[in-house]
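The following pair of complexes shares a single chain, chain A, combined with chain B in the former and chain C in the latter.
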Partner chain A sequence: MQQPQFRIWWLAVPALGYLLIAYAAPLVYLLMRSVIRPEGVSLQLFSAFLSDDYNLRVIGNTLRIALLVTLLCLAIGYPVALALARARGIAQVLLLTAIILPLSIGVVVKAFAWQIVLRRDGAIAKFLVATGIWDEPKRLLFTEPGLVIGAANVFLPFMILPIYSVVRQIDPRLSEAGATLGASPLHRFRKIILPLTMPGLITGIAFVFSMSLSMFVIPSLLMGDRFQTLATLTGRSFLLMRNEALGSATAVVLLVLAVSVVVGSTWVSRRLMRGG
Partner chain B sequence: MSDPAFLDVRSAEKRFDAARVLNGVDLAVAQGELVSLLGPSGCGKTTLLRIIAGLTSADAGSVRLDGEDIGRKPPHRRDVGVVFQSYALFPHLTVAENLAFGLKAKGAPATEIAPIVSRFLELVHMAPFADRSVKGLSGGQQQRVAVARALAVKPKLLLLDEPFSALDRKLRETMQIELRRLLRELGTTAIFVTHDQDEALILSDRIAVMNAGRIEQLDRPETIYNRPATAFALEFVGLSTRIRGTVTSYGPEGAVSIDTRFGTLSARGRFEPGSAVIVAVRPERISIGGSSGENRIAPTITDIVFQGARAQIHFETTDGLPILVEMSGALPGGLEPGAAVPLSFATADTMVYPA
Partner chain C sequence: MTQEYGKGFGRRRVLLGGAATTIASLAMPGILRAQTRELVIGGAASHKPWVETHVMPMFEKKYNCKITFEGTRSLVNLEKMQKNRDKPYMSVVQMDDPVMILAVREGLLEPITAAKAPNLAKLKPGTTHMDGMWANYLQPWQGVAYNTNVLKTAPASWTDALDPKFKGRIIVPSLQNTEGLPNLFMFAHLATGKPMAEAYKDIDAAFRELRKLKPNLLTVYSQMPQAFSLLEQGEAHMILGALSSFGMQRRLDGAPITMTAPKEGIFPVPSGIAVIKNGPNPDLAFAYVNELLGAEVQSKIAPPTFALPTNVDTPIPPGMPTDATIHPIDWAFVAENRNDWVKRWDREMGA
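This part shows the complex of A and B:
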């Protein structure tokens, strides 16, 4: 008889095979194209790319937008995830539906919808004027805040759901035990709930950050051509400019950023799980 | 019993939707006393504890502790510690950090926390595990940590919800004795929930027998056993033989005559003639041989179970009523299954309750 642990691995074979053919192979091809130059193997493409101010600005744009989108999702998503885990019965079903249902609407459709909402006469501008925050209606479409708001809307479920799945498993007795030991609600939140939700928090951050890094349709539709991120620049260089060298370079830089986010967050959350 | 109302719960009521869970509970506990809350599953024991701790709000009634009305205080300002049935240890902290949690929350300086933590770790024999994660601990170890964690903040009152239910029998007995010693040593006032009568008898100064959202009797263990106030308390604590009957007359010396399938029995009580009652007698109050008591029955032995110093003798009457007798010391000769033996018990030992 074989070890069960050994045999169970075979269940992963279809997924691994699929990823290998559909994902890893083209990626390796792309990587090789970016380092194998006519003059031989070199990183010249990257040093050229990184010494151009415009490209550095594009990297800056990409990181800044991804960071802001992640922060906005976190600020909105964390309380929602806690509320979702506390809700019971019909309230929980409705809340969950409201969070998951939008996932079934295509990103293109959502981005077009946000174009309407972010216009000078759109809902957000009207609301801000009505509440007196703005003196006069302004256009949010084609501005960075508009992009951040729209993208956060699209990625919000990917922040809420991992946090929710962790919060749901926290024994409510833990917080009660904290209370009977004399801990105030704030102290309980900081010392019990927050540390225990950290793994979900990190997963959510990793999801949203890496998705915001590589989003293509949303910035294209909400910002237009004057504002480039690594993803839109990659798309442009392959589709419009037919500049495969530039496209490979941006794609690889993007890949490196995304991989470091995922690896870094996994490392942090494993350390948290083990250490604290 | 110094001040009978260190903890004073009055007419506590609670309903969940349509279900009435507490129907006016009164409970007074003296300082330093160890009271157990004994009752069947679902009778509202946990709900009562949660109301005292402030984790659930009562619909009506008051809770006073140490002369102060704490009914509207949030749980973290009540000074009431709780040991949960599931222990609820903080999984992300070590054993020592679990103990330090409450002290830190109350803002004690680190220099004070360390010695208190090590003292309580010593008290529950968990000092070698101080820096371990609580995740790998055995049930008994988790229980000790939970008790030490709750005691470390010196609560005015400690509530324990079935603290031994997750432990196996042997460990449970050790832990019961340890807990009793610890609470005595610290002079802690404590209420603990159980549905195990032996545990209640071993551990407590007084037992509150709870049934269907009410406390039916709150008394010392021997009183509960010898003079159960209600048929429920009788049934729930200790063994007994119970016979249905009807009161025929009420005599001068507080004795009633009851007509049963086995003829007339007499018992002490006050009942109107014609009331349907249950007559009950404890197994060790029945004597074999048939002369010493006023009440007599002659059933047949079905089984004899030796329990070391004592023996349980099971009888059955011709119409199938089981009767249990307990004897200590040597058994008289002629006792064997199938033998018909006359039994008797005294009027004074015969209890009677409304049916």
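This part shows the complex of A and C:
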């Protein structure tokens, strides 16, 4: 039994090698750049970065936008994933196509499309005025709500697909059994569906949150230069200010935030699941 | 199957054929290698159309070589030059002047001399910099672009953009982009009322005046095509500090926009060209620079780029502003302070 198991590990070698060269090595280099200073190993870059109010505001922007995008994706994506898993035949094919096909469209194209939709004479403003929610067309473009809507559109499939892959494995008879025992739909959802979909939910949240935390193109096109996030600040430090030390520091802050939020949320969810 | 291999393309035959080709190409280096001489040029993405139309075919034929043009941003070009400092693969670079200063400081450029590029002697005064480290082959200009459907008359002054009726309708370039910097100097001039030569260093005054523009800002762009598409769609009404090379082209393409030179004046955008130190094929590199500084190429590329030529023998194309005040930019002052201004801009002009 030992031998086949040993052999199967070799299948992971290409991926491990690729990750080592393309991800781990540059990451270690980046970490080193941020702590090795002319005067020796020091955390001075981080303390300087974190003691500046403006940078704290940038961290706040980054986290707030990522959180809002994740929540919006969750609110839209979860019901869709349930519907997708229950759908049959052509309806399921159409739904899946509608979710996966947009992934083949580049982010830049999507951002430009959103620019048209979010304009003062765009579809959303027209709808809101027609329904009486707005008295007059307002600007959505280059505002935080506009950015959140646009980013959620790009990342939505990454929320739907992991949840869908879990939901489709749930035996529908579980819910039926609950119903025969007199459980209300809400109770069945809370006690059966939600706990069983938790692994997919956590994966979806981790995907969307970490991608929205580090997105670069979408905020630069939908918000412009007046709104900085850690990712845009990092890009600018390297490309414009030629301050690689600062760029490394902001990149490390971003990485630490992403990892801790994802690991933390997984831990909390697991505990909730056990508790539930 | 084995029989078919024997009849057709057996492995040995393929190998034999490959070996014969290799030997043949080694035996005729003079012909084959001369044809493959390649000149890699780094420039802006926006240069690509005129390089490919007006320069590349002529140059490749005249010098029997192949040009590869890598179009990106000036700072990305600088990055490429730094990273490949020991073994450059690019020979020539077309960048904005402020980035040229950085390249000179890092010792990445080879000076241009009249001996190697005779057209250097034919340039207007003030277009050769730092003892020939780089020269300007064109001078596009920066003024105000506006949507002609919305504004029936051209803005007469840069201060028109401060009018409350333009709330959320004005776009300016980011300080990340080279074309973003002149707005600082113009607003310093507007704030102090002093002549530009005196006013431009008063950056505090510039920011004080720029803050008045904040309610009117739609966005601060780093992607120029996006800014112009917003202007064309009517979402934006004006771009302050727009580039003639882009704005005038869009007008020619039929977009409802045009450019104007307000009464306070406009700024030249000196487009620089330089030879990269220790780059491949230096003879071709200097020949290329010489062609771009020559009257023949400039008379072809100045009209489509809506720029002023720098070679004294080249006629100024029609439609260019003739009576506007042109304020030269102190790029050394920019290079010294730009990072601080970017930081300050983030803090004071942020959304």
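By our rule, the second predicted complex is superposed on the first by the 261 of 276 C-alpha atoms of A that agree within 3 Å, B and C clash if a C-alpha of one lies under 4 Å from a C-alpha of the other, contacts with A are read in each partner's own complex, and residues count from 1 in each chain.
Note that in this section contacts are C-beta pairs under 8 Å (C-beta built on N, C-alpha and C of every residue); 3 or more make two chains touch, one makes a residue touch a chain.
No experiment lies behind these values; they were computed from the predicted model shown.
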| item | value |
| --- | --- |
| Fit or clash - chain C, chain B, common chain A | fit |
| Partner chain in contact with A:L196 - chain B first, chain C second, else both or neither | first |
| When both partners are placed on the shared chain, which of chain B and chain C touches more of chain A | C |
| Which of chain B and chain C A:A245 touches, first, second, both or neither | neither |
| Partner chain(s) touched by A:L67 [first = chain B, second = chain C, both, neither] | neither |
| Which of chain B and chain C A:L31 touches, first, second, both or neither | neither |
| Touched partner set for A:S220, first chain B, second chain C, both or neither | second |
| Which superposed partner A:V268 touches (first chain B, second chain C, both, neither) | neither |
| Closest approach of chain C to chain B (Cα atoms, Å) | 48 |
| Common interface residues of chain A - those touching chain B in one complex and chain C in the other | none |
| Touching residues on chain A, where the partner in the complex is chain C | 54, 112, 115-116, 119-121, 139, 141-143, 220-221, 223-228, 236, 239-243 |
| Sites on chain B touched by chain A in the complex | 53-55, 74-82, 84, 86, 88-93, 101-102, 104-106, 149-150, 153, 155 |
| Complex contacts: residues of chain C adjacent to chain A | 73, 75-76, 79, 102, 168, 174, 176, 217-223, 226, 229-230, 233-235, 339, 342, 346-347, 349-351 |
| Parts of chain A lying in touch with chain B, wherever the complex brings them together | 171, 173-174, 176-185, 187, 191-192, 195-196, 276 |
